[in-house]
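Chain naming follows the written order as A, B, C and D, and within any one chain the residues start at number 1.
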Amino acid sequence: MTLRFGVVGTGAIGREHIQRITNTLSGGEVVAVTDINQESARNVVHQFQLNANVYPDDKSLIADTSVDAILVTSWGPAHQATVLAAIEAGKYVFCEKPLATTAEGALSIVEAEVKHGRRLVQVGFMRRYDRGYVKLKEAIDSHEFGAPLMLHCAHRNPEVGEQYTLEMAVNDTLIHEIDVLHWLVNDDYTSIRAIFPRKTKYALSHMQDPQIFILETVGGIVITVEVFVNCKYGYDIQCEVVCEEGTMRLPEVPSIISRKDAKLSTEVLTDWKQRFIDAYDNEIQDFIDAIRKTGQPQGPTAWDGYIAAVTSDAGIRSQQTLEKEPIQLCNKPDFYNH
Amino acid sequence: MTLRFGVVGTGAIGREHIQRITNTLSGGEVVAVTDINQESARNVVHQFQLNANVYPDDKSLIADTSVDAILVTSWGPAHQATVLAAIEAGKYVFCEKPLATTAEGALSIVEAEVKHGRRLVQVGFMRRYDRGYVKLKEAIDSHEFGAPLMLHCAHRNPEVGEQYTLEMAVNDTLIHEIDVLHWLVNDDYTSIRAIFPRKTKYALSHMQDPQIFILETVGGIVITVEVFVNCKYGYDIQCEVVCEEGTMRLPEVPSIISRKDAKLSTEVLTDWKQRFIDAYDNEIQDFIDAIRKTGQPQGPTAWDGYIAAVTSDAGIRSQQTLEKEPIQLCNKPDFYNH
Amino acid sequence: MTLRFGVVGTGAIGREHIQRITNTLSGGEVVAVTDINQESARNVVHQFQLNANVYPDDKSLIADTSVDAILVTSWGPAHQATVLAAIEAGKYVFCEKPLATTAEGALSIVEAEVKHGRRLVQVGFMRRYDRGYVKLKEAIDSHEFGAPLMLHCAHRNPEVGEQYTLEMAVNDTLIHEIDVLHWLVNDDYTSIRAIFPRKTKYALSHMQDPQIFILETVGGIVITVEVFVNCKYGYDIQCEVVCEEGTMRLPEVPSIISRKDAKLSTEVLTDWKQRFIDAYDNEIQDFIDAIRKTGQPQGPTAWDGYIAAVTSDAGIRSQQTLEKEPIQLCNKPDFYNH
Amino acid sequence: MTLRFGVVGTGAIGREHIQRITNTLSGGEVVAVTDINQESARNVVHQFQLNANVYPDDKSLIADTSVDAILVTSWGPAHQATVLAAIEAGKYVFCEKPLATTAEGALSIVEAEVKHGRRLVQVGFMRRYDRGYVKLKEAIDSHEFGAPLMLHCAHRNPEVGEQYTLEMAVNDTLIHEIDVLHWLVNDDYTSIRAIFPRKTKYALSHMQDPQIFILETVGGIVITVEVFVNCKYGYDIQCEVVCEEGTMRLPEVPSIISRKDAKLSTEVLTDWKQRFIDAYDNEIQDFIDAIRKTGQPQGPTAWDGYIAAVTSDAGIRSQQTLEKEPIQLCNKPDFYNH
């Protein structure tokens, strides 16, 4: 059985996923596309030589009985409605982050899925499929290092464009740490606090850059995350887990080791796409494989999307107050404690 | 167009390739299998739920008009005949190493392919598809480091079984360096010399272990390769290229970086399959993609298989003489200088 | 001219300094010793075969006209009186940390030295003499990396004894970071906040361990310091400086690089004495050399001792309040802006 | 007791040793100097404010009864006569490499010392005092890694001047590996072979550069040493020891770790003096300390100087023949097997 995708949104990220489903991964096929820009949707069919129908909107695409799974790669504010419609139709959904732009929106999806009674939704938090994070999690879960006590993380981009806003430091950048770190330590957040260091001279005038966030968990773990989006030198994701018996860090991105001009050096990536390229492949392949084998996706859930939304809201509040802002989740449906 | 494979040999390596074509890669399908052990062939069809015919022998499998490409994963001594039959039938061939067990056999395949007039054959030297070697080659070809002068390499296995012979150190182990290194530096070998250091206490009684090989090239590059098949600590492949302006080394295999028990450490692999798992995927995907896009494979050629056979023979002679043994190739057909 | 030392306090650290002055360094000699335990003082003379007088107390030792410099290695609470007496006598002083146990005490030393009109005092903050920190400072001062924005530091001990108190995490452990970091970035602290993560199971029952401290500077630099005194795995000092153009970290302690038992590893120290052994040598040698060449010490000043005391007090307050505690220094005498 | 040095030869290396004895080390003093350039000798006394006599030649300096130890830092061909004269006078000698320019010369010193009946001579092979090599030796001697089987070494200089000759690659450059490696593995050499790879474009026209040397030992250890004196990128000394249970390498020279311009890098030295600066200090301090404590030096012996001379001669022969040249030592006097 091939998993037949209908793609909603044929912009950059949509095309990348179409490319990997079509030319790299196994067991999936794109059979329908739509975009508010219909020209874009038609071009994609041609570009990738798809045997796919072009639909005027998400509703009609979802209604296509040959479509098994909806890939949501449209503009963020449009995600919620498409995901709800897909659940309504009982179709699988792979939704790029954010699941919804508000906590309420995310919660409405959780409720719809619970009501449906079976997992349909996976959120596009690809870091959980990165080998480094997977190895960190295995090591934590092995208890070989004892309980995790602190995490020291950094999320650095070489630079961002003029359209980047203060809030995006949380809901577009930090959001990846928000998702992956609670998964990593099997814990829930209780608070977040923003701290604003001295601004880099490369910061956009309307922006604070870098920023530091302190997250705390129910179990008392303290997490420091540096978010630095004009760090100039490269795209660099760091994560150190300090446990009772020792520490663990993400591997450096592998690169040839050169000695030249009085330097012993390896390369640091500058393009974020390279950093998680395998993780992107793995998350979609896992989505396909899990559905084919078990009838439901196994990756990040709608509930994870809700956690991200609530935490993100608190982080944005703290950017205003610079106080410790509480993070309060509603009760987790048993549905997600499988 | 899906590339339809007929698989000759359904042992361990055959099953791995069937697994990746079926469940991991894109654009290929296994439609026919055969094995001298027919039970094994039938089991594979069942195990991977293939929609594939089981044939009594390679000849009948090759004759199946629904088969586009022959995957040769049988016992080494059987490779040559199958490859020649496939060429005769004008079918693509992906042949695991060795292409043939003698230089003459490899040359007969070269001649058959030249006569056919178009590339059909790719040899399974997967290291050329390893990201580390690819990056080394890019760096060498960029001339940023000047001309390569020396290579220092090591091929270390944790241990080998009783069936491992002195000759296998060359034709089963060193063979990978033999192929990848001349490709890396765009040069041909002129000689090889074996040196036997003190034996490790873990050496099999009939074996010399470790061994050192010195290869020299037409351009004067000197290559030292340590082959150490009972090194105990892990599976470890090292390659340092010393150029006029600097040096480059293969990356270490990425691993989380831990601090524990007074050690700062990363993991060394012990299972060779893990080391080149991506390279195995990449070589078959490239074979599929190149044929689909260009009508012929782009990977290691029958000529490369011939080079490996001639060099391997000289290496085995030097294990007896401990002298510098010349490596003489016949004239390279223009066919392979595309 | 040999610099003739009188040593006040012949306990462990006193003996180490006597050992290095006598057997390792150049240009110094121990000519007088005292200790509240007179037996200890006499033993030291014998142990190191010193040609030195044993005095009943610091006053009489300071009065010895053959003594050029007082080395204060007594119990912390006794430092202030000895240093003031030495200044009164116009003698050089090398005082182990703390300069005084209160900010007021440190300030009284500053005032005495200013009144004297010439530098006499150096405080034993040896990290400024560690090659790694020196290299970091050179890189910062070169402006090659732009302005420093954030520092991420860790101070980890394998374990501490029962006598270790919550306050000591600040005034005995963090104190080293307090001194070296403001020197490193040429800036003054404005606040400190303690954060208490989940306790390690190895924490003493009366202790919080680990702890995190956030320091901020006049220039807006934000410094995170993890203090973890039962980290088990080793003695490990980390410091990463994040600047506008890039980042820099302390080197790892050099160690042979081994591959064994499926690990690629280097050693982590477990004994703190090993970590800064060269720095200890360097600070005393510099004290000797600077006085011999320029007539006054060039290392950490009484003012630095005062900064450490004020910051330490604020850190201890924050351990109680878990709030951001302000750090307010009185006006810096011009005397210290040479 | 202070060890009183008479220095024969006040050129660059002589001045460095005078500087360290006078201003860095403990327990030594320069009380006499001589140089064939008397002006140079007088200048040194003034430059370092020595309280030292200037002598017209080595003989008169050795005769000075206030001189305990002769530091031989003259031109290489002059070493032998001075050392023999010092032994004749029963004085300690620290002799820079080479001990003598011929194997016969070195042997005559061995014989003179044996006749004297007590160790007087130490040869300036400073690498044995480098922390990295010391740690390697400790690890080898601990037998934790099993027996050493192979060593892979590199000796790289950024560049050499026009006066550098083919032979100097052996007797001035490789000589350091020759000495330190047999000490490291507690073994004697049996042969050496030179291999000439492709020349770098930076090689002097009269020179072969790089060169590879293969040394073998009585115990069967095979040692590969790359000597590359115009490697451009830095001064870099590498040594990997491959044992039965694992491998060990020299640490990289510690340096701050920076991330900038898409590179993660550490510094490689370009000035050889920096590389072994601590080792130079340590060898002279050990010479002083050992004599003061035990009445004789404990460092590299005249016999080690003889081994270096014999091995060097064989290496130079192999540069001509490119054959494996035997290394034959006369019987080792029991005197050196303490």
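By definition in this document, a residue touches a chain if its C-beta (ideal position, glycine included) is under 8 Å from a C-beta of that chain, and two chains touch if they have at least 3 such contacts.
Since the structure is predicted, the reported quantities are computational estimates derived from the model, not experimental observations.
J.: Which chains does subunit B share as contact partners with subunit C?
T.: Per touch definition, common to subunit B and subunit C: A, D.
J.: What is the chain whose Cα centre is as far as it gets from that of subunit A?
T.: So the farthest one, by centre of C-alpha atoms, is D.
J.: In whole angstrom, how far does the Cα centroid of subunit A sit from the Cα centroid of subunit D?
T.: A distance of 59 Å separates the two centres.
J.: Report, in whole Å, the distance between the mean C-alpha point of subunit B and the mean C-alpha point of subunit D.
T.: Here the centre of subunit D sits 45 Å away from the centre of subunit B.
J.: What's the distance between the Cα centroids of subunit C and subunit D, rounded to whole Å?
T.: From the centre of subunit C to the centre of subunit D is 38 Å.
J.: Could you say which residues in subunit C touch two or more other chains, in rising order?
T.: Where subunit C meets two or more other chains at a single residue, that happens at 233, 245-247, 252, 259-261, 266.
J.: Contact residues on subunit A for subunit B in the complex?
T.: Touching subunit B: residues 22-27, 131-132, 135-136, 139, 145, 245-261, 266, 285, 289 of subunit A.
J.: Residue numbers of subunit D touching subunit B in their complex, please.
T.: 146-147, 149-150, 152, 154, 195, 197-202, 210, 212, 214, 216, 219-222, 224, 226, 228, 231-233, 242, 244-247
J.: Enumerate the contact residues on subunit D facing subunit A in the complex.
T.: Checking each residue of subunit D against subunit A gives 233-234, 236, 252, 259-270.
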